[in-house]
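Chain nomenclature is as follows: A, B, C, D and E, assigned in order of appearance, with residue numbering initiated at 1 for each chain independently.
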Amino acid sequence: MEAVVNCAAYSQGRRVANIGINDVNQALKQPDKFVWIGLHEPGEEVLKEVQQEFELHDLAIEDAHRAHQRPKFEAYGDILFIVLRTAQRNYLQHRVDFGHLLGKGPGFALYAVMDSIVDQYFPVIDALEEELENLEEKIFAEQSRRETTIEIYELKRELMEVKRAVSPLIEICNRLMRFDLKVIPEDTRPYFRDIYDHVIRINEMVDNARELLSTALDANFSLISISQNEVSKRFAGWAAIVGVPTMIAGIYGMNFKFMPELNWSYGYPVILALTLGSCVLLYLLFKRSGWL
Amino acid sequence: MEAVVNCAAYSQGRRVANIGINDVNQALKQPDKFVWIGLHEPGEEVLKEVQQEFELHDLAIEDAHRAHQRPKFEAYGDILFIVLRTAQRNYLQHRVDFGHLLGKGPGFALYAVMDSIVDQYFPVIDALEEELENLEEKIFAEQSRRETTIEIYELKRELMEVKRAVSPLIEICNRLMRFDLKVIPEDTRPYFRDIYDHVIRINEMVDNARELLSTALDANFSLISISQNEVSKRFAGWAAIVGVPTMIAGIYGMNFKFMPELNWSYGYPVILALTLGSCVLLYLLFKRSGWL
Amino acid sequence: MEAVVNCAAYSQGRRVANIGINDVNQALKQPDKFVWIGLHEPGEEVLKEVQQEFELHDLAIEDAHRAHQRPKFEAYGDILFIVLRTAQRNYLQHRVDFGHLLGKGPGFALYAVMDSIVDQYFPVIDALEEELENLEEKIFAEQSRRETTIEIYELKRELMEVKRAVSPLIEICNRLMRFDLKVIPEDTRPYFRDIYDHVIRINEMVDNARELLSTALDANFSLISISQNEVSKRFAGWAAIVGVPTMIAGIYGMNFKFMPELNWSYGYPVILALTLGSCVLLYLLFKRSGWL
Amino acid sequence: MEAVVNCAAYSQGRRVANIGINDVNQALKQPDKFVWIGLHEPGEEVLKEVQQEFELHDLAIEDAHRAHQRPKFEAYGDILFIVLRTAQRNYLQHRVDFGHLLGKGPGFALYAVMDSIVDQYFPVIDALEEELENLEEKIFAEQSRRETTIEIYELKRELMEVKRAVSPLIEICNRLMRFDLKVIPEDTRPYFRDIYDHVIRINEMVDNARELLSTALDANFSLISISQNEVSKRFAGWAAIVGVPTMIAGIYGMNFKFMPELNWSYGYPVILALTLGSCVLLYLLFKRSGWL
Amino acid sequence: MEAVVNCAAYSQGRRVANIGINDVNQALKQPDKFVWIGLHEPGEEVLKEVQQEFELHDLAIEDAHRAHQRPKFEAYGDILFIVLRTAQRNYLQHRVDFGHLLGKGPGFALYAVMDSIVDQYFPVIDALEEELENLEEKIFAEQSRRETTIEIYELKRELMEVKRAVSPLIEICNRLMRFDLKVIPEDTRPYFRDIYDHVIRINEMVDNARELLSTALDANFSLISISQNEVSKRFAGWAAIVGVPTMIAGIYGMNFKFMPELNWSYGYPVILALTLGSCVLLYLLFKRSGWL
């Protein structure tokens, strides 16, 4: 794939011409004309050329070069420099045709790009919310498993990743809506307010999921303890049911010379019945109090 | 049910006429007249017609179409676009007769609609608070059950749902109170401040319930641990009471040739009494120290 | 008790006359005169009369009627409408004589009422802090009991109740101090700042108590776990001391034909001594390592 | 100790005279003169006199009387009323000689007093941080003890005490730095900014310690659980090592007529060896899996 | 190492001369000239000299002397006093050559120093994040060890240390960007905004790591409990498998005269088989329910 994916001049709503990068500066000098350039992992040389043609600030180029991790808004005089991050989860290679939008001028083109990127976050968050619901089911199912806890942690990590990508957008939208920027005409403002509204919603969804997740971690923990409780109770119950016959048998296993019961004809069956009876009694007792 | 539930023009406090949607624009041109339209799940066509008649912004129609999840306030020039969410729990199909209110002008009509929607949240929150109190009783009752923890989590989820619906109303009310909006005359401001006051109260109630709920989750957890403690103690106590006779019986079950006790006439009853005595002693000891 | 507890006109620092409610409007028209009315659970009629005489806003009457739960400040033109909540715990029926204060004008009278209500919160919070200290003692005492956890939760509930009553006062004081209100003359401002200062302190005390309480809940939980630990250790220790003799006795209870020890004259006492010795050894071992 | 510790007039950098309280008002009327008064637990009378001489506000005297718990800043016209709290822990009775500072005027004298009080907090916080480090060592040492948890709680309490004393100072410094106060000349502002800087640092240190402490409480709790885990494992291991011989011995203690092993000459030693062997095997198994 | 590492005058982008400290004041009087001084642990004397030459404020010198712990920004008239902290972890003795930057004037020199210091934090935080990932692996591995909890705590401590060093930089950058400072010319502002952007990112990374760490502590705790659960279950299972044969053997060890089974020829093998069978059955049962 070439570094320069696209380079075209637009004027009064129509694409005028595909141009070379070194013709950009000239094209920009004509009123009502604007230029769209698409770059894909551009090398240092290409960036330098772009910088010269658009008269960009050194720091803007430096940031573009470093594949900046955090969304950013910067105004160098009349030039707006905006860094955005596309949603990474279940990313679909979808081609947005900005052609007709570009005709409405650079402000509207900026809107179109931002809107498309921000809207990509909705399916990502829907997927994360669905995962949260799956986790809830696992947590509330009987067995507490190590994997569930680990998955809770992983989901938390992903949510914070999304948060980090989305939260700076609030301020970027704010600046685009408020400041008197030459590039953003009055009538495109509602569009940026619309993006702002979407960004706020995404942020709320992420924060919501985070809070629910932390409650889920606590609930998970409570359920682990309850199941520990149940294990202890069940063990105690069966230990009693096994322990009592052992004790009784031990007593009649003593070697005293004078133990009248031992000589009774029905001593053995009576004791056996008694033992069995006490076991059944214990079983019923524990059953009733919920220990078994 | 038809898409257009209601469409009428009002003038100077009285309903002037039921009109068709395509007469709206004309009706609006007359001073002191305003129009009320009720739509029920309108299709694309109806929305398009409404848009043309009211000269609405594209984004407003788009939002209406998408059944927007989050309360929203937007001013497109002189037009206010407001999205609200009705309370969903124990929803009662109650018909509000706005007729006489509409007469006081569009600002007051807006107040009436918002007031009615906001007031629907109070019974919802009352129900949630009652559920919290039920949960408290379950938590503080003897048995710790899995269901209680799950119900705590579910309640948390519902509270956050309500929070999400109500919290954006604070800002919406703020804008209606503060901004110099042509549609909101000076003397209806106290009414919007009244709604604002209700919204603040609902928010406080939700936050309150959330904080209590999280403390309840912690308390629940403490009680589970205490009950685990009690299980362990009770088990330990009974294990001792069963274990000591087993040990004594084992000793007198040994096959040594010379064990004087075995030949005593009262060896058996004495040992039995001794064993029983030690069991009683242990029982009392554990009872006193609270283990049984 | 009658609905109208008190109704008097004041002028230049002295009570001029007890008047009927329907003379209020007239009395208010005279300069430098103001009127104090005390109502006790007033019915709809009385409220209506009061409204007419003072020319109050519909919403103010509605709020008064509904026994509003949340402190509130509202300015309807020149009229200030303020809702306050008295402290509920250990409430003492104390009669405040506002007579001499009323002479200084309505602004000062408002100060006197607010000051009296706010100061009632201090003993309430002192009582809650004392309860917290009692709880601490219970938590740090040896036995962990269900009741302690429940009391922690109840205290939390009460603290949040107080918080809800007090926190809106901060904004109310702020408005009384800042806004240019005709009814609050310049020289009474320091008095409202004084109330503000008290309210801030009450809020801080409540927040403090809440944070300590949540730490107390955590500490309580740690101590429960430690005591669970101790139970397990002590049980393990005693199980060993009982289990080892049982095992030894079992071995010498076997019925092999050729077991030389069984025929020794001193077999029994030697084994008994050995068994006892191992029990003592185990006891000392566990004692030293802190398990018993 | 007398109530009036110190009372002197200063002019142009030098102490002019020791004066009586009732000469204060006169002294203050001369330009460039200011008066320093030190009071120690003053009675109502002395305070009244001071009030008259300095023309102080009633509320200022009331606050001074009540030994106000919370740092406070209040401006009554030209008069600044400031309440500060000295650090209470390891309080050293140190005498600050303000003599030479007083010469630079009342603004600088205020700085000197505040600076001295604020700097007293540093050793207090250093001591608390040291205590936190001691606690960490105790927590991470092998044994989990009740006392450690209690000490964590006590430290939390102390930190919140300090926080309560220090945090209002931020706003007090802010006001002294920002507002156009006659008493604080332009060139003393950097000095108050310096105090502000110290106060911010103290606050940060306290917040830091609080957050670490809460993590320490959690870590403490994790370690308690791990040690509970170890107790359970060790108990299980030894129970197996004691339980298996008991079971084998039980089997050969049965009284069946036909048990060939019982009549073998080497039956006893073979079974003994087998039993011992299985114990050693179990021991090694548990050792390898970390249970013993 | 000498106290004065470097002392040179710059003019119009070139180093003019190495000068002595006592020539600084004179050099500064020439327009377009500025002076760079590097000090290494300077003594009181050197600082005094520097103060005189640069006409610095007393408090600036005091702060420099005390090796101030917290980043700080202070403007004394035209003089900016800035304290920064270099990153301490894996500190590399790297020499930054500011020579060519100094030529662009003091504002740019300040940028260069700050940028270099701030960029040193990135590798530190990368190292901490890597450590967090190592910890995650340890937490999610089978064995829960005391060391893991302790390491979590230590990492928390380090993160808070970094936070303390970095968070004040936000405000420092803010002031450098916003205020109309003579020393910071208009065209260097974007550079300070770039540092601001880096500082925000570092802060976000630290906050992120802190939140993940606290979730990791909770997850760690959940896993400890689950493993406690597993220990209990496994113990209960094996106790049953050992306890049942012991009980059966005990019964046939009783000494009753009339126990028909004892006289059967196949009594012993039948019972042995039965016992073994029940053990196998129990084993399979526990295996299926996940207790073994």
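What we mean here is this: contacts are C-beta pairs under 8 Å (C-beta built on N, C-alpha and C of every residue); 3 or more make two chains touch, one makes a residue touch a chain.
On a predicted model such as this, the values are computed, not experimentally measured, just so you know.
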| query | If you walk from chain to touching chain, how few steps can bring you from chain A to chain D? | reply | 2
| request: Return the distance between the CA-based centres of chain B and chain C, expressed in whole Å. | output: 24
| Taking each chain's centre as its mean C-alpha position, how far apart are chain A and chain C in Å? | 38
| task | Send over the residues of chain B in touch with two or more other chains. | result | 218, 221, 225, 228, 232, 235, 239, 243, 246, 250, 253-255, 259
| remark: Beginning at chain C with chain D second, the chains that make up the ring follow as C, D, E, A, B
| query | Once bound in the complex, which stretches of chain B touch chain C? | reply | 136, 140, 190-191, 193-194, 197, 200-201, 204, 208, 211-212, 215-216, 218-219, 221-223, 225-226, 228-229, 232-233, 235-236, 239-240, 243-244, 246-247, 250-251, 253-259, 290
| query | For chain D, which residues are in contact with chain C within the complex? | reply | 57, 59, 69-70, 72, 74, 76, 143-146, 149-150, 152-153, 156-157, 160, 164, 214, 217-218, 220-221, 224-225, 227-228, 231-232, 234-235, 238-239, 242-243, 245-246, 249-250, 252-255, 259, 261-268, 271-272, 275
